[in-house]
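Each of the next two complexes has subunit A plus one more chain, namely subunit B in the first and subunit C in the second.
For the complex of A and B:
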């Protein structure tokens, strides 16, 4: 029998384990997947080339014009006929397609980030608030803010019809009063009556100077608004209203709505970003809300409430970090979607204004020359769109698997 | 001496699609400071809901407190609005929850969560709060307390997490600590440790503790007084020896009778109370227990018995026939 020397043995203390952070774990899973690595490579290449070309490779689209080089096929060596190298060929104005594709990446990246930023910010805030206040009692201040905003929005409608700003003030004040004096006359008919009357008069009298019919419309609108404000609104009402508005936006086909918004705002890359961003808001709002609802009933939220934490703190510190993973995934996928939408708008001539290099616009400019054999003018911008979208999608898929391994099938 | 906590006619309702759930019905009792009160009853009898109602933490909608007063230290909590309640929660009343696995936020370290609770109600710097959090963890008996501050909840075992929860509850030295089935999710040896810990802490810090449980064995070890709840009402309340030795209400008798005993002969079958608790959507008019009670008379089905004092403040029971039944329970 072997002699056991106790000094040779070290006791492993299982309670003391190495720190492994959530993000470290996720990174490990992400990097171990081939498709995610490919996606990441494409995305990094895309971001890198777009940023560097923007800052270190000057390009002035307005001055780039050379009819002598019109629609030349790709060439990699200088010939007598073509004195410069054009790896992707040239387009109908003799512009180097390689250069325009690379610079177009910057515009796509900008559209992606700004549009997703808009959707994420508004959608996220709406989702967090509606999800949280659906079951949590609001404090007086929160109620006042909510009612004030409701009043303001109603007032805008009325003020728009009557072309006067007084309704805005009247309804905002009504909303603030309704929020502040929630407990007085709650649910009583007199409260409904007083608010309805105030709303009707406050809206109709100033509108009367515009004409009797305007006054009538404003009066009815004011009455309805007053009655609405007099109800003891709670978070669930707020949530319902917001989500129905989101449903309304969602019920339009995305591109159609984006085209309508661009038609309303006027063409331009910036306007296109806003349009794509607005179209994306409901997606993020619903996603965030559902994630919040799944977290808000967890016991640690109740525990946070029971030690007396304020609502803002609970939302920011306890809920947000716990719902990040689906939102990160959606954001990555959303970037691909935004790039695609921007290209679609550009193709229709609603996005970037012509000399500006933009993939969709380049396609729109050149597809007519496809029949005359100029395949390169269409192929390369198209490939750029496809690759960038593919890259973000692969990365998004990889992130989903990495951040939520339970979902993997 | 005025009691620390006085609850008067507390009523909580849940307005659901199927109708009104009458979760808490006219609960009234008092608690002195430094008292350990055990609230006992089977699942769904309103134990937790009445505690959450006190803190105004019931989900709203559908839940709503429709009536009642909760006086804590001369202040009616139910008249306070949400902002004022946020100041009371944690500072005056703290709560420990049933499942230590889910009651700590998985994305923050234990130290961060305790520090956060400390900073909310105390005027101290982050450094001081962190030191205090370390002391608290030491107080609740976590080995290597100072180093554990940087651990995440998943690195703690169930018992350690419950200790961390207790540390969080104690952080602002509340006057009343509500423990909502804190040992239900733990195994028996850890249960015993937590009970000893709470006992020790109560002696050291002197706060009142409300211990909500369905385990009569646990409260017997811990509590000074006991409230037995059934279908949202208190049906028997009193000093611990009164409840265990001079049981009056047939439900309490049934509960105690259904406990397995070490001195039972092998092969003895456990006694159970026949039937099910009443549907809180449609509570009977009379005594809620009448349908399952072997001593019921006609009066029980018509009129709900009030909680009457038998032995002054020490023992009250809500039963029409307690005097006749009394003899059986003491057997």
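For the complex of A and C:
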């Protein structure tokens, strides 16, 4: 009888196909697309010039000024009148526009990355948590934390009204207790009564030292908070609250909210980044949440749960890698949007502070000279905005096709 | 269906309260005192205090806990926010701080200008975007498809303020075909009910007025239409491609129906759903884009007005204008949701 000795076989005999990773496949699809290659080229060019121009070609915006060269048309050869070459012409202060366009890229890119970073981080965390706990039942500790935080937030109002820090402690404890003793009298009216009474008394008794009317108001608030805490708050409740807040941010048209935020914070690039980032949070939160909802019912999540992996580990190790592709696509396109919004803010005079070069601000500076024929001062910064945005959009499009062949159209 | 609509309405309430809250908060937290803005830097402390009292700015923002500690329950609720909500419920948006005229009146004057601009832009975007999408989908991967898809991506990537400036340069400065700004040339006046000049001038048969207002609106409308046009074209294409892969399309083709009939009669109907949604969602883009477009073209709409008011710290205008824009946005989204549920019964029972 022939003996089969496994050691005589090499691995290749079983796995004939060479190993191909998912990401490698996606990369192959990405570089086989013409439009994606074009987008990648623009993005690389843009990132490269924005990042390295500082090292190879110094520019000091504060010293750049030459009235004798004010608003000169583009020239490629040196003449007597214009002793230097300005391929994109000069602006109202005689500054070389080409140089400012190249150096302005750094500001736009920075705004884009930081703004998208803010939206992605907060939106992603909100989306992961809401999507996950909407379907998965919370553990005891998680429930206690949720109740505790709810109690803390509810207590803030009473604490402020009565000017007593103790109220905060009372409501946080009440919340923790409600989370811990979840099963006591569950679903019965007496549970509502007990917690309502505890809330009312816990708030009204300390508040009484501040005056009778304070006690009255705090008592009513405490009653309502207690009743809320007596309910079986779960992930669905948490998700609902978060999503309503996201809806609220979404109900302001993008620019307008960013303008309002910058108006509140004062102009400046850093503030522009925050404004654009905050406006973008709901987009990422919704996207992440729906992506989580689409994988959380899958068998591998169930398997991970049944072998007793912790919720945090499931979210990080099993859910996040599987929802990456829509998020990568959205991030790329989000960069395009953020650059566009930053340029709009700059154009309105709410972005970079002059003389810092920034494409939108350059446009806002120069457009008044359009009627006197200085088209170059407006054309080139705008072209730079459009090309860089187009680059990220093309790349995002290509990434979508590459990462999700099912959606390929 | 009624239940679905009712539910959507109820879920709107917290959003709306939140919107008023955010608008109120932002405007009050902006540095700078409106009383000083009204009276100038050299005003006496006394008169500033008097104006602050008149405007109710001396009250606390949300609730007055000091009044409560003194046992004054009515004083507790006498705050800027609650008074603001009270006035809002009476449709009183307050007076402009600088001009001293009611915000609502200026709003009524300026709102139609923005509506006219946005509507025309939307019409341009739909009329061009949908056919482009259909043609690209039906000739997938052809040269026409590639060109129109890259073209629509350029549209999506367009900084509209720059496009507006380029239009002005080309058509107003170099070619001198069209005016560079304003809604009407001086000397023209159009009376009417809708305050949409294009519609009004047609109703009364004022041809010269129609031509003049058209020549003024066309540049800003095209600039504003670019982004929605690109988005609509891309959405139409991908939605059509999805539908064209369905079995019933193959069946229709197998029965021998002509390509065009299948495309428009069978495919377009089912592909329209996501397109309708995306058109509705563009309302917000249009209203927000109006701030930029109106600034460039000196268009007397609410976008530019709100922007000027933010810079001038004219709180009541900012509150009124932002609130209106947010309300329209929320309203359009609601209509889109309801429309969607009407067209697709699966949504209702979720």
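Criterion: the second predicted complex is superposed on the first by the 308 of 409 C-alpha atoms of A that agree within 3 Å, B and C clash if a C-alpha of one lies under 4 Å from a C-alpha of the other, contacts with A are read in each partner's own complex, and residues count from 1 in each chain.
Everything below uses one rule, namely that a residue touches a chain if its C-beta (ideal position, glycine included) is under 8 Å from a C-beta of that chain, and two chains touch if they have at least 3 such contacts.
This is a predicted model, so every value here is computed, not measured.
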Completion exercise
Max touched-residue count on subunit A (subunit B vs subunit C) belongs to chain C
Exercise for the section: Examine A:137 and indicate which partner it touches, taking first as subunit B and second as subunit C; both and neither are also allowed. Expected result: first
Problem - subunit B versus subunit C as contact partner of A:393, first or second or both or neither - result: second
Exercise for the section: Check whether A:28 is in contact with subunit B, with subunit C, with both or with neither, and answer first, second, both or neither. Expected result: neither
Exercise for the section: Please indicate which partner A:306 is in contact with in the superposed arrangement: first for subunit B, second for subunit C, both, or neither. Expected result: first
Practice task
Pick one for A:245: touches subunit B only (first), subunit C only (second), both, or neither.
Solution key: second
Exercise for the section: Examine A:321 and indicate which partner it touches, taking first as subunit B and second as subunit C; both and neither are also allowed. Expected result: first
Fill in the blank from the handout: Check: subunit A residues flagged as touching subunit B and also subunit C none
Practice task
Show which residues of subunit B lie in contact with subunit A when the two form their complex.
Solution key: 55-57, 59-61, 81-83, 85-91, 93-95, 97-99, 102-108, 116-117, 120-121, 143-144, 150, 155, 157, 165, 168-169, 171-172
Exercise for the section: Can you check the complex and tell me which residues of subunit C touch subunit A? Expected result: 11, 14-15, 18-19, 22, 26, 29-31, 63, 65, 68-73, 76, 140, 146, 149-150, 153-154, 156-159, 161-163, 165-166, 168-169, 173, 180, 237-238, 241-242, 284-285, 287-289, 291-292, 295-296, 306-307, 310-311, 318, 322, 325-326, 329-330, 333
Problem - Complex contact set, residues of subunit A against subunit C - result: 35, 160-163, 210-214, 216-217, 244-245, 247-248, 251-256, 259-261, 263-264, 266, 336, 340, 343-344, 347-348, 360, 363, 367, 370-371, 373, 375, 378-379, 381-382, 385-386, 389-390, 393-394, 397, 409
Exercise for the section: Name, in rising order, each residue of subunit A that touches subunit B in their complex. Expected result: 15-17, 19, 22, 135-141, 234, 236, 297-300, 302-310, 317-318, 321-322
